[in-house]
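You will see two complexes here that share chain A, one where it goes with chain B and one where it goes with chain C.
What follows is the complex of A and B.
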């Protein structure tokens, strides 16, 4: 138990360090860029104004509001304090809504869509990969090329293909939105059904993309394990095939879990773009509206939230890994 | 070296991937020589023209006419000018006038027309029919009669002085022109996009630009990753700790988020294709750095490296002569993957509206972005988005095949 606590604390420390680094990056990257962001905002707001003194007044007002006239470290402390209070300021493009409000209305959609989809995709992909490695033959020959091709399809490509086939041609599922545009969110059966129907296409497009990559990874892992000495030894011992497969699967799964932790960020990135294709009311669409509306506070807050989500997911996966991998307990206990 | 190339050329996967990639590259290089039009030139007045051969109508009147007597010509002409709504409306009338619905087949033009002429009577009023409906049916009947006429179309010219139309010729229904003899014919194999631009020309140029972005991004990422990995792995100690700390940070912080943040901060004006490529390169070196480092660590204490050290060679010499050749195969494979993920990253960014600014060249992501904004997928204009997805998938697929092929050559354990 002591070894496990050490592992846990180690990972927690690392999580906090990356979190601070993410904060700093999110704060500093836009400020490193050439050009004065406040000047850019003011020049857009003051379009058509010829009065220099008026523009100057607007500029100073905004500089005061964003605090860009203060020293860098003070700005950073201010930023940290505000973020911890959940205060991201006002959204430019959806004024008078606050950024926190905009994000609150979209974050649940993204979490509800992406995390189940990635987990389901991971499970199906790994099972298929292990099966392909074990059965080989024609099953392998069919599954592998399909997986390779699917993993090469960009997430938005898969989204568009599914949308056109099942949404536009067959009309089985609606093509856009998170629920029917004629409904107001409430706790009625009708609303839940609408959400469920709208959920299907985005969900399966992310699942299918995830399956491809995971199946390929699991297959090569499992093939490698099947050639390991312990498998041969178990065969000589006359242990049942089924039991051997279980050993192999457990061993091959560990690197796949690490792989999931490391690639969850990339997957979320692709899934955000898929959300846009379906106009799903999540963070992906929020980024799009923020970019189109040149909404600086909203972009900054959304990227920070996504980073925190990915880091948290990562941390959670590391925890699961710690429980599953017996070597960690052994190594840390020494 | 020769032996290695031989082995690689025997790997089916590599050869397949390489041929796909080479074909794409050849098309990108040769097509602009054949069709030198600027890719973003707006040629179509209107959106989403269907793929096909566009023949100038004015020129085809003055082109030599030939008479071909083809049996199905009249039938096909009527069938094509007969709209689905008209057929529906005729069915409505026929059912209303007492004909059983099962006897009517609106897809069968000849039978439908026979039934129509046998039953239609402009004076009958069906129950529930408004006056507007009645007039509609009379108009429909007239236009069907017009379709069935066998007279020639008259070509007339307006006399500039008297403003009277003077007949200059007739076009019988059996007249044909040879497409080769019409002065202006434009082939649009993939139609036009939402702005009326030739999709194929655009697609080929966009593929070229996207490949450039991929190459620049891939090379930058690989060079940074290789340099950091080599230094960190070989030098070790504090340098290793610092580099690994940074690398591990950037592995968990999603690079896509960094890309969004940086691209947005750069601003629309400064975002050229190459700038985007550089940004992608600078945010995607982490995997290469980590993998190179672990390989270097396993090589660091090999005998030949120790021997080199004892002989007093400099660090640079050892890294270049004794370590680099051993990881070269890995670095090439990483480069291939970086190129394809760079192309994907650009496409993702462009769909978010953060793609490169364009004045003269498109990228695959921008084309996709335009198609999505103008709802090509909902409107069923497949030629505006599907070729782009296929192109991106083919590039990624070919790169991946090459990579797997190389992997099997370099790691015999993976061979089937």
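What follows is the complex of A and C.
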């Protein structure tokens, strides 16, 4: 267990370092975008006003309120203090809603959509890949080209294809939103059914994209492991195939878990795009409106939350990996 | 005469390539190993040694296929058995195998004891884990391996230790026959010595009844096995006692093979090393007649006319050449004189 604790602490340290770096970048990057968001708000408010001094006064008042008239480092310190208190400030584009409020209403949609989709896609993809490696023959010959094709489709491409086929042509599923626009969220069966129906297209567009890449990776890992010397030796000691296949897939799974950790960020990025295409009320759509409205606080907060989610997922995956692969513990114990 | 433990008659197996070609890597091989005896199999790389080892176990999976012959282990004919039955009742129990690359023979994510549990339970699911542990611990200790090894993962063991662990696991079910395929080739000299000592210990103390040892290192065979069989292009070309095979080889290929290595034994010290010219034939289209003829110094027209049978001598030796014992010895003597030896 000593080796595992060392592994855990090491990973935790890296998790924190990455978090700090992400935190700083999250603050700086949106503010490097050209344009002045306060000017945008003021011009909206001052439509029809001709009094230059009045407009100037409004501008200064908002600049003061949002803190954009202070130097960057001061803004950063203020931002840091506020974030630690859970205060992300006001949203520029949806003023007077607070950023926390905007995020609270969208984050559960994203978590509810993306994590199940990525996990289901990963499980299905790996099972198909493993089966293709084990059965070979025609099963493999069908699964492989489809997987390669799907894994090369961009996330928005898959979303658009599903949208056109099942939403527009067949009209099986609604094309946008998280629930019927004529409904108010409540605990009725009708509302849940509506959520379920709206869930299908975004969910499957993410699952299908994930399946392809995972199946290809798992297939080649499993083929490699099936030819390993320990498989031959186990056979010659009379161990049954069913048991040997268990060894093989456990070992082939390990690089796939690392692969999941490495690609979870990309996957979330793609899934956010899928949300935008289906106007799903999650963080993806929120980011889009935030970027269009130059809403610094909202951009920083959403990207920060997504970063934390991805890092936490990564961290969790690495912890699981440490448990599954005894070589990690052995290497750390030295 | 001692009881015959392993009796193989006319065993022929082939590889079927992706393009549907047949490659006969083991061609009508017959051999017998008596109780308490060990047989070494020598030859160049690609001559069918390892394929013979796989074929002897009676368990075939593509691309290797069985085409004919009999394998009888302790009176029990396994050549007609179904693959699943062979796996359940023969492999590991009657005949066990030590693979060429024992370094990778163990599942890297499994503790040694858990693999032993799987091996034992594959043959007898009723054995409890406690019984298996007691059994494994006793075996490991009697073979001079620390019992802690059982609780370790393969990565935590050194190369030599891994190899010895694999050997110990191979004999856990007390098989009659042990086939060791180059068990020491990947090790340093010290570890090699320990592996060889361990194999001899297994024979001497009755853990196994017969052993087949495959290697390209002839000096090793001379020290380990009672008899030596030389293979060339899928066929046996000579079989003799270890001493005869090393110091008095009859077949020109054996002669060349023994002449091409350094054996630090008396009488061989000053002999110049000679290589055999050419390479082994492609078994897709073996040469007609004697397969060694294209590389043989003493080849004549008759060699390639018809296939050459094994000649049996009175003392149990056999070799595959159209020349008689006397003719061969005379030819070797003439050679020696030419080189001024």
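Assume the second predicted complex is superposed on the first by the 284 of 334 C-alpha atoms of A that agree within 3 Å, B and C clash if a C-alpha of one lies under 4 Å from a C-alpha of the other, contacts with A are read in each partner's own complex, and residues count from 1 in each chain.
The working rule: a contact is a pair of C-beta atoms (placed from the backbone, for glycine too) under 8 Å apart; a residue touches a chain by one contact, two chains touch by 3 or more.
Quick caveat: nothing in here was measured; it's all calculated off a predicted structure.
Per the definitions stated earlier, placing chain B and chain C onto a shared chain A by superposition produces no clash, and the two fit side by side.
By the touch criterion stated above, A:251 is placed in contact with chain C alone, chain B being left untouched.
Once chain A of one complex is fitted onto chain A of the other, the partner contacts of A:232 are limited to chain C, with no touch recorded for chain B. Look at A:243: by the touch rule set out above, it reaches chain C but stays clear of chain B. Looking at the shared chain after the overlay, A:262 reaches chain B, while chain C stays out of its contact range.
In the superposition on chain A, contact of A:18 is made with chain B only, not with chain C. Comparing chain B with chain C, the partner in contact with more residues of chain A is B.
The superposed arrangement places chain B and chain C with a least CA-CA distance of 10 Å. In the superposition on chain A, no chain A position is in contact with chain B in one complex as well as with chain C in the other. Listed in rising order, the residues of chain B touching chain A in the complex are 248-249, 251-258, 260-262, 264-267, 270, 340, 344, 347-348, 351-354, 368, 372, 377-378, 380, 382, 385, 389, 392-393, 396-397, 400-401, 404, 413-414. Residues 57, 59, 61, 87-88, 90-93, 96-97, 99, 101-111, 115, 118-119, 122-123, 153, 155-156, 166, 169-170 of chain C are the ones that touch chain A when the two sit in their complex.
Against chain B, the residues of chain A that register as touching in their complex are 14, 17-18, 21-22, 25-26, 29-30, 32-35, 37, 40, 148-149, 151-157, 160-161, 163-164, 168, 175-176, 220, 223-224, 227, 262, 265-266, 268-270, 272-273, 276-277, 284, 287-288, 291-292, 296, 299-300, 303, 306-307, 310-311, 314. Those residues of chain A that touch chain C in the complex are listed here as 228-230, 232-240, 243, 247, 250-251, 254, 324-327, 330-331.
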